[in-house]
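To keep things clear, I will list the structure first and then write my remarks on it.
By letter and in written order, the chains are A, B, C and D; residue numbering begins at 1 in each of them.
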Amino acid sequence: MLCQSSTELMELVTLVKPYTKQGKVANYIPALGRANPSDLSISVFNIHSSKCQSAGDISVRFTLQSISKVITLALALVDHDEEYVFNKVGMEPTGDPFNSIIKLEMLSPSKPLNPMINAGALVVTSMIKGGTVQEKLERIMSFVRKLSGNNDISYSEEVAISEYNTGSLNRALCYYMKQHNVLDANVEELMELYTKQCSIETTCFDLAQIGAVMANNGTCPITGERFIPIEIAKICKTFMVTCGMYNASGEFAIRVGIPAKSGVSGGILGIVPNEAGIGVYSPSLDEKGNSVAGLKLLEILSKKHNFSMF
Amino acid sequence: MLCQSSTELMELVTLVKPYTKQGKVANYIPALGRANPSDLSISVFNIHSSKCQSAGDISVRFTLQSISKVITLALALVDHDEEYVFNKVGMEPTGDPFNSIIKLEMLSPSKPLNPMINAGALVVTSMIKGGTVQEKLERIMSFVRKLSGNNDISYSEEVAISEYNTGSLNRALCYYMKQHNVLDANVEELMELYTKQCSIETTCFDLAQIGAVMANNGTCPITGERFIPIEIAKICKTFMVTCGMYNASGEFAIRVGIPAKSGVSGGILGIVPNEAGIGVYSPSLDEKGNSVAGLKLLEILSKKHNFSMF
Amino acid sequence: MLCQSSTELMELVTLVKPYTKQGKVANYIPALGRANPSDLSISVFNIHSSKCQSAGDISVRFTLQSISKVITLALALVDHDEEYVFNKVGMEPTGDPFNSIIKLEMLSPSKPLNPMINAGALVVTSMIKGGTVQEKLERIMSFVRKLSGNNDISYSEEVAISEYNTGSLNRALCYYMKQHNVLDANVEELMELYTKQCSIETTCFDLAQIGAVMANNGTCPITGERFIPIEIAKICKTFMVTCGMYNASGEFAIRVGIPAKSGVSGGILGIVPNEAGIGVYSPSLDEKGNSVAGLKLLEILSKKHNFSMF
Amino acid sequence: MLCQSSTELMELVTLVKPYTKQGKVANYIPALGRANPSDLSISVFNIHSSKCQSAGDISVRFTLQSISKVITLALALVDHDEEYVFNKVGMEPTGDPFNSIIKLEMLSPSKPLNPMINAGALVVTSMIKGGTVQEKLERIMSFVRKLSGNNDISYSEEVAISEYNTGSLNRALCYYMKQHNVLDANVEELMELYTKQCSIETTCFDLAQIGAVMANNGTCPITGERFIPIEIAKICKTFMVTCGMYNASGEFAIRVGIPAKSGVSGGILGIVPNEAGIGVYSPSLDEKGNSVAGLKLLEILSKKHNFSMF
């Protein structure tokens, strides 16, 4: 499966390129800080034609970071029933930054409001089945490989180690939830798994394929094989609309109107339901943690093709 | 235009009726407290057939309360451009109760996070054009009459006065925003307008018709006349998904998956995009302020007909 | 009773004078903004000798502002018993700015944490006995006149009107508390009384005399007449230590160690228990609302004479 | 040095005994939960006579818990200058529970407001000099032995281990501050030291002796040897007034009016400046974490002997 360059997308990338000069590349760990701020690429996988179109250098690999949250949520919902999962993590958007700890103290019980903020994602990751960290990680990576159709997907050891070593805030969230019996896991093991999950490397093309499966309600658009139960695909897409773009999700829903999940690496996974999966990459971030040029590109594309669900 | 009773909906109402025994009727003012907790009615207006089906006593009139927030938002966006409106009110869900004041102090500027919480709705109402309170109110009521096709729509003076007299919390929100230059209005005049707007009385059938216009992207499904610009209809529907059901919006998006706005009177305005408008009424509320039986009814209906947008 | 200039205090004023260039004069109303930022004066009334010493221009009059909070607290405790007063307002320092509203929402009941923050002071002022605003104001002013021994004390109509007209934040606090039944008063009448109380004008010398009564446990150091019951004087002094200097009270207790209450006019009322009353005035404020030079002057004076209670 | 039983104190204990039935013994770890809720004892060490009086079973040993916070603060101020210490921890009371994390996120920098809340105490403990945890612990214990004149003082390994194993909330505070560069320590080592420090066992008599040193401005009342510089003793006493009794410090200052520090074991260290040191023990706690009977006993004693500083 190759992705062909598209004149339309290339023009769009040229148009949006100046936006890469706004924002800043995440630099809390060296490996992320080395990203090229002017990179901008997009890949769109049409589920009807099973054809992929692209622009920019789609061979650039980047780590999933928060994009992994929606993937592990799907896997956790495969591993457990809804009731089990949502007994430990809520369904509501927060209005707070993704790494905020305030609501954990203000609300009783200290249940994270949704699986797209760090606290919620940590709880979800702790639910992935497997005997060891390695086994759980393998299950997550296999799931990503299956969704993307890319068997070469792995994670960046360098990024994982850096994030593990600097992850004090996530440890604070874990211990706070552990105190309140919302999390029941060995924190260091969970941190190892979580940082490795966040460090899984993909390209725009991989993201477009993953998005295509979701757009196709959980079924591979090429083979027709079911990868995710339709109900779980629906839940994931809903969270991507209400809380996928950090505390800019509301504005994104209005400006773009599609399920999407961003990561601080600069990647965005987009879904046009029953139409296409989209992968975007541009590492310069706005202050809420979303790719500046990526947002702009999706906004223009959505307006042009009337992608908004609303 | 009449609404015909439907066997399917009647069976649904019978099925859900026991849920009216859960929750409590809002009683912060006597007029709301007199509602019959066992009332349950629904009206569905199909935009293709222009036919309406119903069950329960759809002649019961109830006040719009927070449902009015989405209607005045539409009118404010007719009166001003997007930039003007969203310069004063944000687009993000909050995770807080609809009447919370905390974020106004924590965030700088003290801009309400979205137009569906009280602070935001008060700002939006202050934007309605008109020389006097009466003139502004007439414009809002005319708008509701046009959307619902019901020229008899008016407001309850009793409810308006009660809410005006007991509206200390809304006054607190107003003065807090006034201090921070987010609101620039005479508070008592705004309170008069806002409480009258909240006291506009409709039936389920009226709500279904209003919803049908939104479902039809702003155009009357019967006459084809454009009542709301398509972009504004889209914005309203988006907010109804991300923040229409108070701080239970995220769960509603997952369980039901349609744009909806509830009020503490027990009414719910629902929209199945490109399909139908829905009005539901049942005054027993859960602790977040949503109609218990109304939620259940919409959930079952949505699952059965696959209404979810996701 | 005259206040004689003192070489020691004059040297101190000269030493501290450069600090008047730091900070900013409060400018939220024009009348305060017109204060001369380089003004610095002090008056110390010794309760044993009944002699007063001073430096700087102690004829400058300034409004009490928050200093009035401790005086109305004393009067409210004269008008009602402790249980009545502290049923409506707490005894705990807050760590928040004096005008914060957050804790009113976070705590249940919405009782202000102490009488030295605005919310608490508004509740206390609402307790002053009297049939009308004018009558209550007269009682407060009579009390100030008695404590200071100055029958000419009055209030600035200009400041009162300005603060009444711009007092949106205090109205927000009032309405929030009214909603939660912590405050039971006509808000506009309370605002009139409160802003007039804050606008009572004194000199450093007046403050020193008021402080001397408190230092003397409620008894006039000159005549021996009891002005405040000893228990009430004690309560006032305690609040002045734990919360008298806004959210810099803790540091002031360590650096200076005496009961004190500041106002945004730049005045500070200080008490050296069983020794002296102190009045300081310098209108340039730090970001927490305390007089920069006033703080410095009191710190040096306290260290030199070992005034700290601790 | 023996402590003689006193008729006055015995009558007081009898009078207050019924209050031991209110409140609850801390039970978050088994060792604390085993305390006898009806225990009540007091020891008062007069610095002028160097005589000690007592009532109740003053041989009962209990762990210092939060009482240790004031002792390590003194030691940290011996180890470093004021500027170093207060660069990392503030001087302000909080109004929040001792284990709250909210202000760390709301304030910038994430500096704990004072050394008497857990976050602040953890930072202070991290400043104690020593090459290893064991060395630092020895220095703390030596300091306690010196202050109390009791060379047998040690810590409870059982309590320390339990608190170490269940200390998720304190770990959350540590990691949160580590993320924001307010804390620079190995969290597990700090937790080991902190939980051992909290588990140091004393009797009422030991506390009374420690308090006597503080009451005597840092000098041993028996030998006249200086144990703590006078400035440091003053700082400790000030914090004990403004924040020593958790978020009931303000009320305690009004009702009792002496520097005091409580612990969840039920112990209270009290200081009557220039008069006496007091140790109280009664393990039934109110909801803020203070000993119910201990508070009552101190209140009556203070009123009777006019101990209040105010």
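Heads up, the rule we're going with is that a residue touches a chain if its C-beta (ideal position, glycine included) is under 8 Å from a C-beta of that chain, and two chains touch if they have at least 3 such contacts.
Chains and their UniProt names: A, B, C, D = Glutaminase.
These numbers were taken from a predicted model, which means no experiment stands behind them.
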item: Chain separated most widely from chain D (Glutaminase), comparing mean CA positions; value: B
item: Length of the line joining the C-alpha centres of chain A (Glutaminase) and chain B (Glutaminase), rounded to whole Å; value: 33
item: Whole-Å separation of chain centres (CA-atom averages), chain B (Glutaminase) against chain C (Glutaminase); value: 48
item: Distance between chain centroids, defined by C-alpha means - chain A (Glutaminase), chain C (Glutaminase) (Å); value: 55
item: Contacts with 2+ other chains: residues of chain B (Glutaminase); value: 106
item: Arrangement of touching chains [line / ring / star / complete / other]; value: ring
item: Full enumeration of touching chain pairs; value: A-B, A-D, B-C, C-D
item: In the complex with chain D (Glutaminase), residue positions of chain C (Glutaminase) that touch it; value: 90-96, 103, 113-114, 234-235, 237-239, 241-243, 247-251, 253-254, 257, 259, 273, 308-310
item: Complex contact set, residues of chain D (Glutaminase) against chain A (Glutaminase); value: 100-102, 104-106, 168-169, 171-176, 178-179, 187
